[in-house]
Amino acid sequence: MKTGTVRSAMVAGAALISVGLTGCGGTDELPGAEGLEGDPLVIGVIMDTSGTASFYSEQAVEMIEYAAEATNTGEFPVALQGLFGEGSRGILDRPVKIVTEDDGSDPNRAVQAARKLIAAGAEAIISTSGSASALQSRIVCEEEKIPCIAPYSSSGAIVQQPNAGYMFTIAPNSTVQGASFSGIFKENGYETYAIVGDSSPTSAAVADLYKAAFDDAGLQMVAREVVPVGSTDATAQVSRVRSANPDVVFDSFAALSEEGLFYKSAGDSLDGIARWGNNGLITSDEPAKVAGPDIEGVKTLDVRSIENAYGVEVQDAFEKAHPDIDYLSWTTICNWEAFMVLKHAFEEVGSTDGPDVVAEIEGLKDFPSVLGPPGYTTSFSADNHNGSSSKALVPVVLEADGSIALADDETIPD
Amino acid sequence: MSALLRCADIGKNYGGVTALKRIDLTVGVGEIVGLVGANGAGKSTLIDIISGNTEPSRGAVMLRDREVKGRPARRARAGISRTFQHPQISEVLTLRENVACGLASTRMRSPLHVLRELALSALIDTTPWAEVDRLCESIGLTDLDRVAGTVSFGDLRLAEVGRALVQQPDVVMLDEPFPGVDDEGVMGVLAALRTLRGQGKGVLLVDHNVDIVASIADRLVLIADGEVAIEGPVDECLASSVFRERYIGVA
Amino acid sequence: MAIEWIDAVTALRVGIVYALLALAYFLFARTTDTINFAVGGYAMAAAMLYATLTGGGTSPLVAFVVAVGLGAVLGGMTETFVIRPIASKGRDEFVVVLAITALLFVIQQLAGFVFGRRAIIGEPLTAGRVELAGYEVSFQNLLTIAVGFVAAVVVGLWIGRGRSGRMMRAIGDNEQAGLTLGIPVRRVRLIAASVGGLLAGLAGALTAPQAGNSFHSGVSLSIVGFIALVIGGMGSAYAPLIGGVLLSFLELGTSLIFGSTSRDYFLLAAVLLVFIARPEGLFSLKVRTT
Amino acid sequence: MTITVTPARTDRMEVPPRSRGRRDTTLLPAVFFLVAFVALYFGWALAESYHLDIAMTFTMFSLLALGMYTPLFLGGQIDLAYNAYLAAGAYAVAIIANRTDIPLVLAIPIGAAVAATMALVLGLVTSHLTGFHLALVTLLAGTAAYRWISSTGAGLTGGASGIGGIPRLDLLGIEFGREQLVAAGLIAVWLVAFALSRFRRSLPGLAVRLNRASTPAAEVSGIPTTSIRLVSLAMGAAIGSLGGVFVALMNQFILADSYAPEIVFLALFLPLLGGISTPWGAVIGAGLLCFLNEASAFIEGPGPLVFGGASLAILILLPGGLIGVVALGWSAARSRMRKEDKL
């Protein structure tokens, strides 16, 4: 009994210490906000520090913080200076404050996180977590009448009713991408395709959406394969794809390691078959690292163009501010755009009134964009909460070392 | 005396080893039968076969001239209860709760009964605890709130005897119930067995202590080499040379 | 659907890894009487360590030895700090199982903390490929099959013939009797647990160059290893080997014939079938029915 | 040993005094938790909108943990398909609301029936096998169910895009908005935990627990061991499905991703964290999980590590869980008080 008491006291003590150690959150300084008067305007960010979206969510949050700092100091790229007016700082002349909430990519916690952010005073929410989180938390946006942006969520379902009234996306979603991919495939004269994904629900859903787009375009599916998450081998899938002999293999992976595994297992056995991946392929260098040189020649669609001076300026400045980042995901830059759309809408409305801000975003036309080739702009409408068109997409090809090069031989038809 | 329990031509082989050759045994109405034999003679195997814990290789078990078959729970509900040589008790339940488990044989006879008990359990406590307490008291088991894991070996045995008796069985089989049990407990169990005898129930009692068994049994059965070596009234048996040779003489 | 012979090589390579995991389960089950769900965690940790070390320029051979050693250490530590303390208090077997499951999660989270939360891939032990009947087969694949097979056979012989193997079996059947016979129960259990961990570490180190290992692959490795054990049964030390290879062929075969979309359903169906038809596994000592 | 046998005692024994009967120890914790829940609801949950979501998460994990408690901690049966049972409740709500004209409230019994049937089938298949076999087959079944709702069955279940547009439950003229649902959820948790704590001490509960200690003993006591094993599995599954019903009604939207098998491993430890000597331990464990989730906002990352480590430490060092610690402290304090009294 006595040793039991001592032991329990020790465990209780350890638990208390661990909880105590962790209670060191606290308020962030508002970077660059010196001299700005008024209550901070809070932008809430749903992030993922431990789940499946953690690897791109981390960069996304850094980009949002970077955008907030640039806004507070009033140092905007040339492309925006005319838009916001000389000497514009903060939003509505108030300093901007970023508050984050972790949801671990768990949809149920995303709901909690969104409400918690609103309780902390958030006037808008940017969701950098997984698609499922964005899908679930948009309910809160609508209920609480708070404009929300999931900048790079590719699921078209996010901006479809019901519950899509207050949710926007920035990057081209799977519907737009599906049309673009099928356009390219038709242009190349492909008639049959195989689709390969992983066993996560996200991958399955994305595959369904692409399949629908390809079928609409008259392409014929000859194989559909799944690489279970956690596999160490994908030769069976490669085998079946090879023997179905499609004109093009399309990958709809959400799990990046398995995506690399597929190309690694394929080796050179898919030679002669065009290989296209969804843009998950370039959210991280993970697929390229896992696949090694076998990734060479796989094509996908990027939203960045080296000819877009505005986009390049933002990316360069961001990378300079974060020298530790060794791979810049395409998802990251979408958050800059999301932030600037919000700033613009708030200032046009002149208040933080949710319904008015949403109406303003819905009326937004030809907003200068960091995405796509030069001259590409972002526009929304009441029935289109996805700001992009296929014109934002740039065909790219992966090199043997995992680097991204323009695919000059591919064009997206109108 | 009509037969309450009858074992007809029971045999048991384990692989190539013969545990029981051929056993015929009866327990009559209101009769206490003492089953004795050396270690490994097959007493426990016979009880296992009667209670359904072991399948016999041959033969049948009849209760009131009807063959009993199937799993032990079915036989328990038919009226056969038993204890184990090594007490089988839940160490996390209290003594009272362990004993009360025997009530299942009368109150949980079918899945429907189970569901009814289940539905009732959330609302009211239908278990006749007073009855359980009374029974425990009668065999000298007290302080029933003790958790079984903390009590003496003797009290564990008594709790198991209690569980067997609370089933209101037609036939009770006690497999060495006395080692470790204090005098008061032995008296209590014996008294309870006499009560059962008075009610026309049958008892099959196994113990190494021939004195205790002889003090209460109406008849003795000696098993040796997988067969009934001798059976009959206690005095005759004890006096018999066969009994001395094949059981006591061994010692 | 054409099935090529090269697919059999793949199935064998994957199956050998499953078999090593199943054999690790087997060792724990026979001596410590636990289904050690953490073996997938050992394999994952070994794989992550191997990949991190080779990625940092350590020679693959050194990394291999260190990674396999990590598996052995984890196995021994599980026995010493988790299984033994709980079992010695005479608590339910499932409390041990739950504790081990918690341990698996701790190992995963620690691995995520130490090695990072992204998939990493190790350098192969031997680079190069060999041309075999029209296919290129990498040396790493052949090495995996050879090393795994040899390890499984050596452990099988050790359990079947060796002195400590005999003691292990004695303990597995009845620990109390083992003590009475003067067998150093604690030491034998510790050795068996370490060897179990070593086998899991071997499985991890061998797969590290094959695919991206990430901190959360421990659970799936644990599951496939356990399925392999269930299919093979616990009848002899070679049962897990056969179970692992069978499972791998089953997986690959159904994927090839019916497509990979239905893999989870086939796994469930296979296990249900084994339970209904041969609950004791394909090779068993005794029927484990109640 | 010789014994002088005394004449038989009288057949009828005296009726023992009532005070020696069994004390009902289920009421005190029930009252305590009722007070705690009322205070939690009015003092905390209603204060902030997101508190309601946390309270709902607590409800869901409580029901999940109470469901697992039933077969596992009473009967020693490791059932790992609870993600599927949870999904059965949630999808019953979503599908009934969107695709049928059946009154929404019937989702509760329908979800429970689907979950219970699934548990029964899995229990029957493994009825002659050891607990580990049940663990494996239920784990695979949970995984297969997850696969089905997220891909193959997506036409019915909405797959990764989920099913939205679930209306508010309207029952007897009361519209169950967020506040009402949380109140109903807390009441459900309280009722289930209270009923289980009574069940635990009732004859069927004792039967389940004896069967766990010794199947032969249970059998010879006349306990229908197969039936009660299946009943406890089905009961647990039905309780788990209730958690899914509440979450779906609360969020008005469901997603396959919420029902991945990982959630089971989280729920598995909850009763142990709280203490398995009573179902209330499961409730305490769920509360601790929600607290740690909130605390992990400050932890930045290793929240699951803290949770797993705490579970492991409690399993090894504290067989009684948190309740055990309190009980130990209480008995230590009492014995000290007694000593002082004597002095």
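Just so it is clear, A, B, C and D label the chains in written order, and each chain counts residues from 1 on its own.
Basically, a residue touches a chain if its C-beta (ideal position, glycine included) is under 8 Å from a C-beta of that chain, and two chains touch if they have at least 3 such contacts.
Bear in mind that the values here come from a model prediction, so they are computed numbers and not experimental data.
Undergrad: What is the set of chains touching both subunit A and subunit D?
TA: The common neighbours are C.
Undergrad: Find the chain most remote from subunit C, comparing centres computed as mean CA coordinates.
TA: For subunit C, the chain whose C-alpha mean is farthest off is B.
Undergrad: If you count the contact pairs for each chain pair, which pair has the most?
TA: B-D
Undergrad: Round to the nearest whole Å and give the separation of the Cα centres of subunit A and subunit B.
TA: Their C-alpha centroids are separated by 72 Å.
Undergrad: Go ahead and note the Å separation of the Cα centroids belonging to subunit A and subunit C.
TA: The mean C-alpha positions of subunit A and subunit C differ by 37 Å.
Undergrad: In angstrom, rounded to a whole number, how far apart do the mean CA points of subunit C and subunit D lie?
TA: Centres of subunit C and subunit D (C-alpha means) sit 33 Å apart.
Undergrad: Please compute the C-alpha centroid of subunit B, do the same for subunit C, then give the distance between them in whole Å.
TA: Measuring from centre to centre gives 47 Å for this pair.
Undergrad: Quick one: which residues in subunit B touch 2 or more of the other chains?
TA: Where subunit B is concerned, no single residue meets two or more other chains.
Undergrad: Which subunit D residues reach two or more other chains?
TA: Correct list: 147, 151, 212, 301-302, 304.
Undergrad: Could you say which residues in subunit C touch two or more other chains, in rising order?
TA: Answer for subunit C, listing residues that touch two or more other chains: 261, 264.
Undergrad: Identify every two-chain combination in which the chains touch.
TA: Here the touching chain pairs work out to A-C, A-D, B-D, C-D.
Undergrad: Touching residues of subunit D toward subunit A in the complex: what are they?
TA: It is residues 48-50, 52-54, 57, 60, 147, 150-151, 154, 159-162, 164-165, 247, 251-253, 255-258, 293, 295-304, 306, 310, 313-314, 317-318, 324-325, 328-329, 332 of subunit D that touch subunit A.
Undergrad: Applying the document's contact rule, which stretches of subunit B touch subunit D when the two form their complex?
TA: Listed in rising order, the residues are 51-53, 71-73, 76-77, 81-82, 84, 88-93, 96-98, 100-111, 114-115, 117-118, 120-122, 125-127, 129-130, 133-134, 137-138, 144-145, 160, 163-164, 167, 183, 186-187, 190-191, 194-195, 198, 209, 211-212, 215-216.
Undergrad: What does subunit D use to touch subunit B in their complex?
TA: The touching residues are 1-3, 5-6, 8-9, 11, 13-16, 18, 20-24, 194-195, 198-199, 201-207, 209-210, 212-214, 216-225, 227-228, 231, 235.
Undergrad: Spell out the part of subunit A that touches subunit C in their complex, as residue ranges.
TA: 50, 54-55, 199, 223-233, 235-237, 239-240, 243, 256-258, 260-261, 264, 267, 284, 286, 289-290, 292
Undergrad: Contact residues on subunit C for subunit D in the complex?
TA: Contacts found on subunit C: 35, 81-82, 85-86, 89, 91-95, 97-99, 101-103, 105-106, 109-110, 113, 223, 226-227, 230, 261-262, 264-265, 267-268, 271-272, 275-276, 279, 288-290.
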